[in-house]
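For clarity, chains are labelled A, B, C and D in written order, and residue numbers in each chain start from 1.
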Amino acid sequence: MKYATTLNDKTYIIEINDDRHIVVDGVEYAIDFASLAGQSLYSLLLDNESYESFVEEREEAWQVLLRGVLYEVRVADEREERLRKASGGLAVSGGEFSLKAPMPGLVVAVPVAEGQTVVKGDNLIILESMKMQNELKAPRDGTVSRVRVKAGDSVEHNQVLATMA
Amino acid sequence: MFKKVLIANRGEIAVRIIRACRELGIATVAVYSEVDRNALHVRYADEAYSIGPAPSRESYLRIDKILDVARKTESDAIHPGYGFLAEREEFAAACEEAGIAYIGPKPSAIAAMGDKAVARATVTKAGVPVVPGTEAEGSLRDEEIIAIAPQIGFPVLIKATAGGGGKGMREVIRPEDLSGALAAARREAEAAFGDGNVYLEKLVTGARHIEFQILADTHGNVIHLGERECSLQRRHQKVLEESPSPFVDPHPELRARMGEVACKAAAAVDYVNAGTIEFLVDKEQSFYFLEMNTRLQVEHPVTEAVTGVDIVKEQIRIARGRKLRYTQEDVSLNGWAVECRINAEDPYNNFLPSTGQIKSTILPTGPGVRVDTGVYAGFEVSPYYDSLISKLICWGEGRGEAILRMRRALEEYRIVGVKTTIPFHQTIMNSHRFIAGHFDTRFIEERFEMDEDRELRPEIAAILATLVAHRESQMAAQIVQRGERDTSNWKWVGRYERMHR
Amino acid sequence: MFKKVLIANRGEIAVRIIRACRELGIATVAVYSEVDRNALHVRYADEAYSIGPAPSRESYLRIDKILDVARKTESDAIHPGYGFLAEREEFAAACEEAGIAYIGPKPSAIAAMGDKAVARATVTKAGVPVVPGTEAEGSLRDEEIIAIAPQIGFPVLIKATAGGGGKGMREVIRPEDLSGALAAARREAEAAFGDGNVYLEKLVTGARHIEFQILADTHGNVIHLGERECSLQRRHQKVLEESPSPFVDPHPELRARMGEVACKAAAAVDYVNAGTIEFLVDKEQSFYFLEMNTRLQVEHPVTEAVTGVDIVKEQIRIARGRKLRYTQEDVSLNGWAVECRINAEDPYNNFLPSTGQIKSTILPTGPGVRVDTGVYAGFEVSPYYDSLISKLICWGEGRGEAILRMRRALEEYRIVGVKTTIPFHQTIMNSHRFIAGHFDTRFIEERFEMDEDRELRPEIAAILATLVAHRESQMAAQIVQRGERDTSNWKWVGRYERMHR
Amino acid sequence: MKYATTLNDKTYIIEINDDRHIVVDGVEYAIDFASLAGQSLYSLLLDNESYESFVEEREEAWQVLLRGVLYEVRVADEREERLRKASGGLAVSGGEFSLKAPMPGLVVAVPVAEGQTVVKGDNLIILESMKMQNELKAPRDGTVSRVRVKAGDSVEHNQVLATMA
């Protein structure tokens, strides 16, 4: 299986054909790869160098936490990569944005109203969790199309709080 | 000695106090909210009582319920820990009225130091220098504060009168931002303490936050256990502490002077038990009294590591009326200790709190390493309480060894299930400025970037991500294949178990 | 300093050494057998090499394979840990030949102390008293040993020439048991060391086993770090150690005298690096040289806890040719430390080894507690290596505090999945004789009963058993009910997951 | 549900009717009982006293490890108990005894032969595991009816090594 893996604008072509070897940009390495805690924690011996890392998928990208540094990595298999290139690599931007609760909590304030225009960085919702006031901000300029919560509401993790057009 | 002590707290500090009691042969009573049934303090205590639903106001802040449990269990004493009821004059007073020893200062001392205006006035009278500000004015309305601000001079700091721990605090650089910041600070203070009162203070720039641990007994003896460097803060929350302070350590005469002033400040309010005097120190070694924390501090272990004194046991002995077992001359600082506060927050996503079940964990251990934690694999980190889930303390013969040990301990520490601030601390431990000891209270917010000064291994990260992505697609394919075959439920479970072993 | 160190060991001691290297900024190379792929030392090291199948002889004892890895990785030095190749002259020599520093003594010192006969002769010449016995006679046949035994006088002790750790040791009270005991001892010695040679020694009764930790550099400096009390043994295996010794501590002049003799014994073989001189001490404070362990000891952490010296780092510095950083005058014993060896054995079933997967674990932490372990939840304890899975070390201001702290730490420590000796240590910590410090090397076997001196709660035990039995019968009933319903595989897995969360 | 629970020759009558209460010899207690690690480790609040214990079944009895002390407890439900009493409480002794490997290991010696008579305490098999020589002994007097292993054999946990008549 061949993958095109991208990190900081650099793409590595990585080939995995069996459990014990990997080819990275044409160079072969011996590997011994193990899942350690049933989820997200992995041990890799790469040509006998020992690495341990948290690897988790988050919104289309892989978050790799390695020796205290976080890397955001995109992995596409060959077919996907060809399709992406054919489509001209158009990113789907604009469109609707849904603000989801990043954790369970209590809405303490909603400083915006439906129809209001906001600029990037404006507070949309103030959510209290773990005794902290967390300001959830607009990721870009736009208009608040819908506000789904009010002050005093308890919300679940990933619940949609507001949408922006 | 006391026969039974009730711990009016939860989390790592409740566990810490239970440990001290157990080592003194004292029985312990835990109280817990509904979501904390399986918390470590409930498991470790001799008795445990549910005191209500998850929100603190309905459980850990309910003085009436806690005193009911204390009476029912015939507890001799109550330890408040930190946070919750730890600096509430009325709680200490209610314990006193109920004939139960409060392991802390007298209500009058809590009141005197809790009201920042009275505190400033009292210590000023005792000859202790203070930072210019409005606490002495009592509760002011927003208009009054806005009017006074120019006299103090910008930048200013808004602080909650009932405050502590950075809650309700806001820095204001420009006069036009003052009004909005006041509203935000009052809202946060109200939520955190049930008291929205705030005051202004001059923002001392380039300052260090250095505090002295003091111990005072009921026989009039007051000593200090040296200083702690607490300048590394984020949103006015301490994130990392050390003892001694790299700023103070080269100047023993400064330590002696500050220690003496700290004892004087404590004596000024007839302080008894363990407490902390916080100072702001500028580059010229001028120091200003900030406030006194009339309780055990989160960061007490660094002092324990360098002095060998078990502060919680000493608190209990003092509350029992014993004389201090140490004189000032007995206290010396041996080696160096650093504490990292491990919070369930995502340092790569604006430190948003992270809740959920701890799936597995590996603690760093070995020489010079101490971990104080209230969580374990299987425990659910809930959104109701603060995000501190663990404290990692490393001791070394010198600051260099302590930092190197902290680096290796942070790298060993595994917590699977919630995001933590471990990578944040790893970046600090690799920061050249931190290693050189060159930092002030603004360092984290102004001159610190995640993953700065780090050795980068992008290729390894790319390989890891690819291997995991590959593995998951292989597993998904297998599961579909398996699902197609005819297998009885029983076989399925067996297979599932093997898969997940 | 070295750039890279290979650790020729596994388990907690490999982890301990990796930690020291990491704190010194030295890269580490782990070697591992096939069953140890996921062991902690493999996870923590910078590089890791498989060196063969599970049995030690095919992996951890393969000098050729280990040196191959050392050469391939360009390691500057090798640390042998304890056990395995730690006291093999030929290993130290092979390292020397390969131009790789051996972190330990010279081959000649290992040889001199490893051959008990030479050791006795050498230290006797240096004026060190020894226990009467036959080691000086070289390899004797059974008939010869049986002939000599009456001259030494029963009771006698059979010991393995290559020995250590109680393997191949047998006590013989009656002359008629000698022949059978010799056979058993030779068999065990052969299995453990590949060398069936044994010798006889007079059994000193009522004796204590007290040892001195020494450090010697390549510049001729030899110091000791005080003594360790190791009298608590089972089948001649140490089970618990402390420093200082409750027997020696009241007599500083005895400590000085023994320490001086220990340094002299080390100097007699031109000893370099860390080592231990073991003495038998009788009630009259007479002491006899027993043997020298020419390596790091399992129990080194108690010495680290009271002296503040990181012995493993010191070993590495010495091997690098550095001068000792301490003089004898710099060393003082601060407080008291106790170590409990936690073995995967069932103390209620004749200490039979217990293997299997560690399902979950909670480590005791907090002030004064250190855990050195090589296992974690998910790790499989295999039958191939020794049963030591963890060491729990507690420090206190005095012996009383250390013991009380150990009690609470043992009660906190949870290891689910294998049986452990934790309850055995809990019984010791509650034993009146142990607390009073009244014990000798025969205490565990002759005057100790599991669950002696313990507070019993039979009613609580009855309730717990009934609740679990009830719970299991309820669950079994539910599973049968569920099985009857029509559920797709997918639903089943989901439900199973929820049940087992 | 009613149980007769026996420990050290004392029998407790224990009634469990709901999740929150238990009646022991007629005295009611409030309980809060929780499984902690998915297996064998339990937390019990009994009238608010907090206990944590390992509880495991082993050969018809429950082994309860509580505060560092091991208790062996037999739990019978009422029906079983009545049957047991009716049968006169006859313990099934004598009969065949199978010596099983208490752990995986290597047989280093078999000091007995088939047909040999042995007395209680005699070594039947010497099994090496974790670098220790473990002597597996006869639990009573009898005759070795079958030896199923020889020196050098590797054996699995619970494998039958020998039988005694």
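The rule we apply is simple: a contact is a pair of C-beta atoms (placed from the backbone, for glycine too) under 8 Å apart; a residue touches a chain by one contact, two chains touch by 3 or more.
Fair warning: this is a prediction, and the values are worked out from it, not measured in the lab.
Participant: Per the centroid of Cα atoms for each chain, what is the distance between subunit C and subunit D, given in Å?
Facilitator: 30
Participant: CA centre of subunit A versus CA centre of subunit D: separation in Å?
Facilitator: Between these chains, centre-to-centre, one finds 52 Å.
Participant: Where the centres are mean C-alpha positions, what is the separation of subunit B from subunit D, in Å?
Facilitator: Chain centroid spacing, subunit B to subunit D, equals 47 Å.
Participant: Would you give the residues of subunit B that are in contact with at least 2 other chains, written as numbers and ranges?
Facilitator: As it turns out, subunit B has residues touching two or more other chains at 44, 360, 378, 411.
Participant: On subunit D, where are the residues touching two or more other chains?
Facilitator: As it turns out, subunit D has residues touching two or more other chains at 37-38.
Participant: Building nodes from the protein chains and edges from chain pairs that touch, which of line, ring, star, complete or other describes the result?
Facilitator: Graph shape here is other: it fits none of the named patterns.
Participant: How do the chains pair up in terms of touching? List each pair.
Facilitator: A-B, A-C, B-C, B-D, C-D
Participant: Which positions of subunit B touch subunit C when the two form their complex?
Facilitator: Residue positions touching the partner: 15-16, 19, 22-25, 40, 44, 301, 304, 308, 310, 334-335, 357, 360, 362-363, 365-373, 376-378, 397, 401, 404-405, 407-408, 411-412, 483, 487, 489-490, 492-493, 496, 501.
Participant: So in the complex, which bits of subunit C are touching subunit D?
Facilitator: Those in contact with subunit D are residues 167, 184, 187-188, 191-192, 344-345, 348-350, 352-355, 359-360, 383-387, 410-411, 414, 416, 422-423, 426-427, 430, 450-451, 454-473, 500.
Participant: Which subunit D residues qualify as touching subunit B in the complex?
Facilitator: Listed in rising order, the residues of subunit D that touch subunit B are 32, 34, 36-38, 43, 45, 48-50, 52.
Participant: Quick check on the complex: what are the subunit C residues that touch subunit A?
Facilitator: Residue positions touching the partner: 30, 37-38, 42-49, 73, 378.
Participant: Subunit B touches which residues of subunit A in the complex?
Facilitator: Subunit A reaches subunit B through residues 1, 3, 5-8, 10, 12, 14, 16, 22, 24, 29, 31, 33, 35, 37-42, 44, 46, 51-55, 57, 62-71, 73, 75, 77, 102-105, 108-109, 128-134, 157.
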